[in-house]
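Structures incoming, each one as structure tokens.
The following pair of complexes shares a single chain, chain A, combined with chain B in the former and chain C in the latter.
Right after this comes the complex of A and B.
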């Protein structure tokens, strides 16, 4: 047996296998995922595994290495989130999201830290030696909402789009603040004296970290888009570029002590539009599937390791401190959301209702990021206390809040996601409204959001698309893209239903030479006929088209971990239609 | 209603109390700029706005300002020139929603805005959006892409029309002909989009800031 030789990859594969088998196991019982969110079940499995290992070896099981978490497990999840982020609602609410992410997190950090410091002053709890600085450090890592946990829970409850994007966007963007504060307090711990100059440097650093992350991300994103311009002849490695550039942007940002999460999101959002135009359909599917797969595996592994790491001798159970930590986390988050929403509602027409506010406050879940950060703390005699407190907070938020949020959403009748299929008509209307509002803003001389959006679009079409798109001469509007997508689905449906290859179903209506199926050439000829302004022809066409039953299949939400919009293998006929239609468009 | 230069213009009744005098001042200044200090604006005056040139539906927007149906006059057709009161009337379609509106006011508010949009789509003023008019809209929207063929814009419009038919009429019988989208159908189509919050120009929201002081 040469176990030593293969040990490392073997064990890694075994863990991943365990994670995937656990996932299958949950979905075998249909009722289970609806009551208990998956993250809880995975932590539970982790707890069992940890217990087994502890029992067998009689020492603490391997704790999740922070490096492994930050370098390997976190990026796929954030990339998946950023790539499939619906950009329209995100940018429409960007002000609110930034307010929650930046001001809200700072509020939470200082609130929690100072209250805990107050608790430490009470003699009875034996916490005198935990200094203010230690509390600040602890506060900075426990205050931030975790995107992994939020994703895992919110994915299953389908609240309305705006609410989802607020919580989710906040959890992603608060990384910049967390990074700065954590590193700041950490460096303060090591410095003998702290001058006010250092504090100001810290504030300035925040802007550097955030904006720097965005810049790094965007530059990698545009480079990726540029690279895919030339991949026409080597389609097979196209998906690789998407992943390589995103990962590089994350690593580069981390290298410069900037926010890696912000960088990878900026990269994904920046490159998505151009890359999708450049790469082939198959590559596109590959990218989607791989991203979902990797983020799924990462997600599962993180929660299992969380469970495993809980067992062991890493903890110092000072219950007063721990309980107060949990209480303060909840209280300060609720207060923060209330105060900030009050300000936001003064300036916005579309107010955030109190139900929504409750869900935002309640959805402030902590997860693996705090866990890893606490292990990265420098060794001092109270570290185990912090580890214990972090573990309890995470377990509390994931189990208690995660499990009860769905019944609460039902109970409060929070506005749910609108379950309707995208229609071409809606796209047309929204675009029409965009242009109308931009025009009105121009006429009234006001530089509002539509004005800037218009300007950005103009810049995009004049300069960016020329450089980054391969087939520049065919820029596609979102209306056209959606229409193509729906047409494809329609063609696939027809192929599946076996309607291709049959002759026209109603020869009597062939009068002007119409065909009710998808033979492109015939339809084109008929449209030329229609140019003769024959009203009968127009009526006929409407009838035939209506009879064709242009059914639109539902697409699932883009950010669902488990399912992708069903795409089956098109038959040969459908492929032919696609090619013909594609040439036409 | 005479609007004298420089004096405070009277607020048309339909706008009070939602539009403050500051906003009226601002719009009045803009009106004077556009009309080159005349009392009325003609279509040609809109050419002086440089950014409007790149707007694909420019023609429809300008047309909407002169459309008598939007100016709340009983007559139909196009006006040749509009004065400041008419200008304000059109702008009032883009005022934001208020906190204290009840159900009925909200419904009227929404219908007003959708009526404005409907008039923009329905260019021949016959109360219906026909297939040809819809095609026209889509062609204009996609006119920014010089290489997109006219036929593709047409098939997109056809597809959208069929969707509209299926929403408004449901399953059509073999001999039924869908003539065009009436205003009731139009309302149905926009049910999913919350136009009360989307269709407004932000600067008209200054009243909330004014109330803060």
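Right after this comes the complex of A and C.
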């Protein structure tokens, strides 16, 4: 037995296997995931495993390594989030998101820190040795909403798109603020005296870290798109470039102390449309599928590790400090959302309702990023207190808020996400209105979002597409692309529906139409219908016809007319067609 | 700048990026890959890079770490090879393959070792200090044909299936023999005296290492199949299990000093048919695509590293020893193939021709496995000589043999692989003959391969499928599965052909059938044909009809009759249908 030799890959594989099996386990019972969010279950599994390890070894189980978290587990989740980011609602609400992410986070950091510093002055709590700077450092890591936790919970409750993008976008973009504040306060901790110059330098860093991240991301994104122009002969490595370039953008940003999360999101959003046009359909399926798979595994591992790391002797249980941290996190977030939304609503027609505000405030979950940052704190005698407080805040937000948010959304009747995809008619109207509004803005001299969007679109089709796309003979209008996509999807659905519909021993398989496709079959049976008058054969034909026509109509309505799916009963159609046929005969 | 922090993932990503870009670079010029195999080009890139590193640093570039090779680079390639192994020719020729892999490799090891020992006795060459045991150790690593090198060359020359599987199967299965002999001689080197018991234990180990690998692989494979029974609700992590279980099988086998290559191949071949039936179509595309992508990247990295590691001061250039190694490798392989094939041909009707024998002997390429093993040798004063000899043998086989094998195959007119997939008719006949032969064998009391295949199939459908498949209501006959697969493929092709056929500004897009699928369109135009008599509309209809019907026939002929593709002119069909329609009207 030579365990040493294979230890590293073996243990990594086993952990991933455990995570995947845990996921399967939860989904075996359909009721469980609908009541308890998966993140809670995974933390629970982690707690049990941590308890077992603790019980067997009699020492604290290993905590999640911050390097592993930031270098290997976080990037796949953020890449997935950025690649599948609905860009329209994101850019429509970019102002509000940035306000929440930057001003809101700063508000939370200082609010929580100063309030906690106030608590520290109460003699009875024995916390006088926690300085303001330490509180600020703690505040900077506990204030930020966590994208992984938010995604895990909000993906399951299906609130409307705007609400989702507000909370989720904030959780992603506040990374720049968190990075700056955390590093600023950490360097202050190590400095003997703090000059006012340092504080101003810190403010300047916001822009460097955020915009630098965007720049790094976009440059890698466009390079990726450019690279996929030349992969026509080796389709098989196309998906690789999507992953390699986005990971490189993350690592490069981290290397220069910029925001890696912002960089990878910019990279993913920048390359998406060009890469999709360049790579083959199968490569694209692989990219999408693999991204989802990878982020799902990372997500699972993070929550399990979070549970495992909670167990042990790393904590100092000073309950007043811990409880007040939880309370202040909730209070300051609620206040922040109220105040910021007040200003946002003054400038927008489409206001954020008070129900939405409540969900935004309530959805401010903390997660693994805080947890990793608190372990990265420099050693000082109250570090264990901060670890304990962070753990409790995370568990409170994930368990209490995460589990109650779904009933609350139901109770408040928050507007849900529409289930169906927009029809072609709707899409045409949206696009038409975009052009109209861009024209109105241009005439009125108001440079709003539609004006800029139009300019960007012009720049894109005039320069970027020519450089980045392989087949740039004639610009395909997006409606044609949509049509092609729908036709392709329809064909696959048709085949699968047909295949699922009739069992292997079905007469239609053994009948005259056996080896033709359903398409061919329809035409041929139509022809035969005129030839044969044998009633048995006729019945058989009619059965096949009914089934096929029924299916065509059923899978088709979403886009061949402006109706909502399910409006017309499909079986009615089948009957109607049959009656028509009968009469014709 | 904080490079230390991100160094490991950054450098790995950069290496993979380099490999991928090199691949793209070669394929930009279409002529290059058709003359020089990709493996040669990659080694050449590696040599240049090694030269640059050597020139800049003035010391040897880093050699490929054997651990990285065996733990991370080799498994994806072997998994890919095992998963896409054509099982029918493999099992039909399993006896011959095993003979080549076991007896042939032993023959080569001892032939090369003793001849080289003979050379060492020549005073003029100054090699008297190389003992027989050292020569045996060297022979055990240089004798084995390398699967990575063979795959890289044989994938490009498209010889017939039987020839391919003979060379490739041998290169995979000889791993068990290599592992045993290499470890045996290595332990002999460290032992003070060798007892005859140790030699017998070594012979026993063959079976343990080989059969143990098969057992480990099959048990992991069946567990993987069993696990995918329960992934219905979380399709997204299905592909993961294929990779996790096969990698675990490799690591477990390596841990117990069994043959990891044999294990992963057994795992992949064991799970394939059950996993494919359980997982969704998209998961399956992802598995296939990702496997190909991964193995392609591994392959590229291995050859680049091989080139990089060649440069430097690790070599002792004793030319007589090196030249005789190359000569003996060629001679003993040729002799081995001749002798073994003589026996094989006596027991088979379908003999191996002398042309095939030549290609088998000539295709015995050495590669990265030898290279990694030679660096794993225990330190002794002539190790650098062995490294030099191994490097020269690898470069000679990959460059000289790899580049000349394609012209030789052309020159000898070796039977090529048939380009088209077998028709349904052929498949039915093959299956029918299988049953017939199994019956004949059963009656005549001869337990040949058909008898055992039939028994295995019975065991599979009676027990294995019930345990491992999710939907085991009624056993689907493989002809039905094939039909479903073809129908699905046809639907996709149809959509894509239709989409490629008409440009964005085509009249059919603006015509009456615009927003219906082609399927729907056919039905609707049929109905309209009866209603309208307006000649303009009629012409338009006929055009649409002609195009659609033409396409249906064109994409379909491969399986709806027993013809070879391209036999009937598709445009004839379209005309014929149009004429029929005209007459009908």
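By our rule, the second predicted complex is superposed on the first by the 489 of 585 C-alpha atoms of A that agree within 3 Å, B and C clash if a C-alpha of one lies under 4 Å from a C-alpha of the other, contacts with A are read in each partner's own complex, and residues count from 1 in each chain.
Methods note: contacts are C-beta pairs under 8 Å (C-beta built on N, C-alpha and C of every residue); 3 or more make two chains touch, one makes a residue touch a chain.
What you are looking at is a predicted structure, and each value in this text was computed from that prediction instead of being measured.
After overlaying the two complexes on the shared chain, residue contacts for A:424 are found with chain B and with chain C alike.
When the shared chain is aligned, no partner comes close enough to touch A:29: not chain B, not chain C.
By the document's definition of touching, of the two partners only chain C reaches A:5; chain B does not. In the superposition on chain A, contact is made by A:72 with chain C only, not with chain B. In the superposition on chain A, A:439 makes contact with chain B only, while chain C stays out of contact range. Partner contacting the larger number of chain A residues, of chain B and chain C: C.
In the superposed pair of complexes, A:483 makes contact with chain B and with chain C alike.
On chain A, the surface patch touched by chain B in one complex and by chain C in the other comprises residues 424, 474, 476-477, 480, 483, 487, 523, 552. Chain A makes touch with chain B in their complex at residues 346-347, 349-351, 418, 420, 423-426, 428-433, 435-446, 448-451, 454, 458, 461, 473-477, 479-480, 483, 486-487, 523-524, 527, 538-539, 541-543, 545-548, 550, 552, 584-585. Within the complex formed with chain A, the residues of chain C that make contact are 1-3, 5-6, 8-10, 13-14, 16-17, 20-21, 23-24, 27-28, 30, 67, 71-72, 227, 230-231, 233-234, 236-237, 239-241, 244, 247-248, 251-252, 254-257, 281-283, 285-286, 289-290, 292-293, 296-297, 424, 474, 476-477, 480, 483-484, 487-488, 490-492, 494-496, 498-499, 503-504, 509, 515-520, 522-523, 526, 549, 552, 556, 559-561. On the chain B side of its complex with chain A, the touching residues are 26-27, 30, 33-34, 46, 49, 51-52, 54-58, 61, 91, 94, 96-97, 99, 117, 120, 131, 137-138, 141-142, 144-145, 147-149, 151-152, 154-156, 158-166, 172, 174-178, 189-190, 192-195, 197-203, 205, 208-209, 212.
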